[in-house]
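In what follows, a single structure is set out as structure tokens and then discussed.
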Amino acid sequence: MSHTVQQIATALGATALGDTGLVVTGVAEPASAGPGDLALAMKPEFAAGLAQGQARAALIWDGADWQALGLSAAIIAPRPRYAMAGLSAMMDPGQGFVPGIHPSAVIDPAARLEKDVSVGALTVIGPRAQIGDSAVIGPQCFIGADAVLGAGAYLREGVRIGARVVIGARFIAQPGAVVGGDGFSFVTPEESSVERVRDTLGEQGETSAQSYARIHSLGGVTIGDDVELGANSCIDRGTVRDTVIGNGVKFDNLAQIGHNVAIGNDCLICAQVGVAGSTRIGNNVVLGGQTGVSDNLFIGDNVITGGATKVLANVPAGRVMLGYPAMKMASHIESYKALRRLPRLFRDVAALQKAVFKARQSD
Amino acid sequence: MSHTVQQIATALGATALGDTGLVVTGVAEPASAGPGDLALAMKPEFAAGLAQGQARAALIWDGADWQALGLSAAIIAPRPRYAMAGLSAMMDPGQGFVPGIHPSAVIDPAARLEKDVSVGALTVIGPRAQIGDSAVIGPQCFIGADAVLGAGAYLREGVRIGARVVIGARFIAQPGAVVGGDGFSFVTPEESSVERVRDTLGEQGETSAQSYARIHSLGGVTIGDDVELGANSCIDRGTVRDTVIGNGVKFDNLAQIGHNVAIGNDCLICAQVGVAGSTRIGNNVVLGGQTGVSDNLFIGDNVITGGATKVLANVPAGRVMLGYPAMKMASHIESYKALRRLPRLFRDVAALQKAVFKARQSD
Amino acid sequence: MSHTVQQIATALGATALGDTGLVVTGVAEPASAGPGDLALAMKPEFAAGLAQGQARAALIWDGADWQALGLSAAIIAPRPRYAMAGLSAMMDPGQGFVPGIHPSAVIDPAARLEKDVSVGALTVIGPRAQIGDSAVIGPQCFIGADAVLGAGAYLREGVRIGARVVIGARFIAQPGAVVGGDGFSFVTPEESSVERVRDTLGEQGETSAQSYARIHSLGGVTIGDDVELGANSCIDRGTVRDTVIGNGVKFDNLAQIGHNVAIGNDCLICAQVGVAGSTRIGNNVVLGGQTGVSDNLFIGDNVITGGATKVLANVPAGRVMLGYPAMKMASHIESYKALRRLPRLFRDVAALQKAVFKARQSD
């Protein structure tokens, strides 16, 4: 992780200034930077921090006077937040997984590993699983029978991929992530009270005690390229068709994707989001943390939900939503401002009633 | 998974029509069905799909004219959704776990495995654990000391059952599920601010900084027959008595059941539901996805909660609830319609105030 | 777990009465207690239970007449709930993990284990990891490269600690807990619609389809002493600086702590709580189950949130909050009472409008 300021700037498509041959070995926030660090001072408010720390080089905001900041070298990037992507990739020390196939891994003889695959300690790979070039399977992972994992995958410790799951290139999964659990699909011999409530919006009618029979998940999960799955997140297999995730979708931790769900490309699914069965989600959708989406809905392209939004109905493309039940964000903010003032409104109306009806009584 | 149309119909208690000796090897949605698939065309809207696909046999809706649909054979079931339970069980290719005891499993010599038990690679079974007939323990599972797992269990990869947990027959658990984590129970030396807030509904009084002491979980978890637990879901052990789950309860992924909770029979607990400590839930209850239930409550039989309902008080039997805080679904829908119209109401009241009080002032 | 009544009382700093040499071997609720159990009868309502059960000794409420309750011996503690901490620790049979280093564990030769460390079956410990005195690492755990785990740790089965994570003394982690997953941090080449929505509170402007680039997590996680982490909970590493957890913080199951979050000392983080990236939380904070806290916020000392509170703005020290969006608990209760009465308010206002404006029209 040793690079000159010039090497970094070149890699980022950015401009290097000053002593561009200076070598840095890490990155740090300005105030805590050591002399070997590249400080991250991407906004003017970090100027004071630079003075406190010891950095001789920094990634600085556009227009900063690097010499006045006491730096020997600087990098100016047109969009510093974006530059962080490339910079952090260069500087990532990684997880220290040892390359190669660990002797304790249990790999079925009928599994097929392409070249330069690494498999960590105590990982299990099932019959006929296929692992693409240069994939890194961390320790204690599980890859089921007939599963396909594309080239360049990086699985952290304890990731579990069920049988027949198909995943594209460059998949990343965090510890404990699960792909291909069975869907949650149960049925009662007679119409159930839940089925009735859906029809009547609240009346379950006469209740009868029924037990549930299991509908097995015959479908799989198909995941595109460049998908990332967070720690302990779950994507269930489909009932008949596959659950489908597009390209470039990023899931944070503890997210839950139900059976038969279809998600388009380039979506962000934040932590603890739940998407119930058979819901379809378009492209470039962002679901904020703890968002819930009911089953069998349609969420259009470019929809954004704020944190903890609970979506109980279809959402057209381009909407920004918030609240429970989800409303357009602007309406939600207006309604909730009103809600806070509601106790006063009751008092106002009582005063009006007194004025009007008492007045009338005394007419 | 090769069956004739007649064999399937017989197994489902359904009626076979046409060339009932036709062999099918899979099931598919009508439009994507191949010539060897049984198409699932359980509603009239699937008729068009049948024409697009290549299925020669289908599970069709009652009253469908199978010959006009171009089929050679058909199955008519009185409740097609229920027929899916039996059909999907017949057609499930399973996870491909290899039968028998994998040599890499670490099984304590004092554990007792009944006949036909399978244990996957790298699974750990602790001292005095008892595993019932024909149980399938997948790879990388953990069964703790003195735990009891009933006959016919099916544990997917990476399931963890803690010490002294007792589970009935035919338990199914998805990857990463945890039974028997310790309860979350801590106490401060003096009365804590949380205890005061509960008494005062909002005033914590004078605050003092206290550290927490741990209350160990001495109880276990007792689970009935025919229970299923979703991926990465958690059921905690009790503090003194056991946490108790009845028969036929089905939990989806990422659900959380706190210490001392008691759940009756035949409940559905959907994904990301949380039930806090010592709450009791009746029979045939359905908790929709992301429902939360506070601690020490009572939820009666046949209660249904919609998605993301947050239950902060007891709920009598038979209620259908929605919202945060939970209300009867009908009241919730009415209140939220009103909430959306609230900004207008403020304008209306302002107009009234102007009319009434200005009028009175000028009287 | 055999102790005399006197030994228990002495350990708890409590008073022993009656036949204080009586030996008990377990604790139980009064009604189900056997003759060898210490019954927990800490409130007068348990008196009837004592009569049903067979306990000869009990932990009783202050002022109870132990002889009239039919007991041979009793313990009176000034704060019985607090006494449960010490009592349950004395009586905990534990998980039955076998002491010592299991031969199936995969321990890197460059890892450093201090004295009396136990390592369970099939656990992986990476290069240069340091494990403190008397730590108990359960089966199937993972400790990454260069991670530091303090003395007296107790990890249940399947806990995962990523590379370079630093944890203090007496850490406890429940099954499947994850520390040090990568943060969820992605950036688009151009300004994204989410960035615009944050500025405009709801308008995303012209949408363009962009893919996300990954910002790697270069920071680690630093955790203080006496922290407990629940089953399948996740604490992500920081982007540049570390995610920081103070001393004495207790996390329940399925909690999610994002990158760069800082949490003070002695906080309770209940089940399924989510705290988004870069939020700072003070000391002695209690976040109720399913609470969500948006990113980049500040939560002051002694704040308490009720179950499912969704915090979308900073919260000053000492506040008790509830609702979505979070309000002061008292305001929330008042607003929601009003919300339930809202449909009637609409009718009242309609009646007023009719009275006032009709009256005026007829003036």
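A, B and C label the chains in the order they appear, each numbered from 1.
The rule is short, and it goes like this: contacts are C-beta pairs under 8 Å (C-beta built on N, C-alpha and C of every residue); 3 or more make two chains touch, one makes a residue touch a chain.
Because the structure is a prediction, the values reported are computed rather than measured.
Colleague: Which contact partners do subunit A and subunit C have in common?
Modeller: In this structure, the chains that contact subunit C and also subunit A are B.
Colleague: When the Cα trace of subunit A is superposed on that of subunit B, what is the rotation angle, expressed as a multiple of 5 degrees?
Modeller: 120
Colleague: Same or different interface residues for subunit B and subunit C, judged by whether over half of the residue numbers are used by both?
Modeller: Mostly different residues form this interface, as fewer than half of the numbers used are common to both chains.
Colleague: Roughly how many whole angstrom separate the Cα centroids of subunit B and subunit C?
Modeller: Subunit B and subunit C have C-alpha centres separated by 23 Å.
Colleague: Where in subunit B do residues touch at least two different other chains?
Modeller: Residues 122, 140, 158, 176, 232, 254, 272, 290, 324, 339, 342, 345, 349, 352, 356.
Colleague: Give every residue of subunit A touching subunit C within the complex, in rising order.
Modeller: The touching residues are 26-29, 32, 40, 79, 81-82, 84-86, 88-89, 91-96, 98, 102, 104, 120-122, 139-140, 156-158, 172, 174-176, 226, 228, 230-232, 247-248, 250, 252-254, 265-266, 268, 270-272, 283-284, 286, 289-290, 301-302, 304, 306-308, 318, 320, 323-324, 328-330, 333, 336, 339-340, 342-343, 345-346, 349, 352-353, 356-357, 360.
Colleague: Along subunit C, where are the residues that touch subunit A in the complex?
Modeller: For this pair, the touching residues of subunit C are 106, 122, 124, 126-127, 140, 142, 144-146, 158, 160, 162-164, 176, 178, 180-182, 184, 186-191, 193-194, 197, 201-204, 207, 209-218, 232, 234, 236, 239-241, 254, 256, 258, 272, 274, 276, 290, 292, 294, 310, 312, 324-325, 327, 331, 334-335, 338-339, 341-342, 345, 348-349, 352, 355-356, 359.
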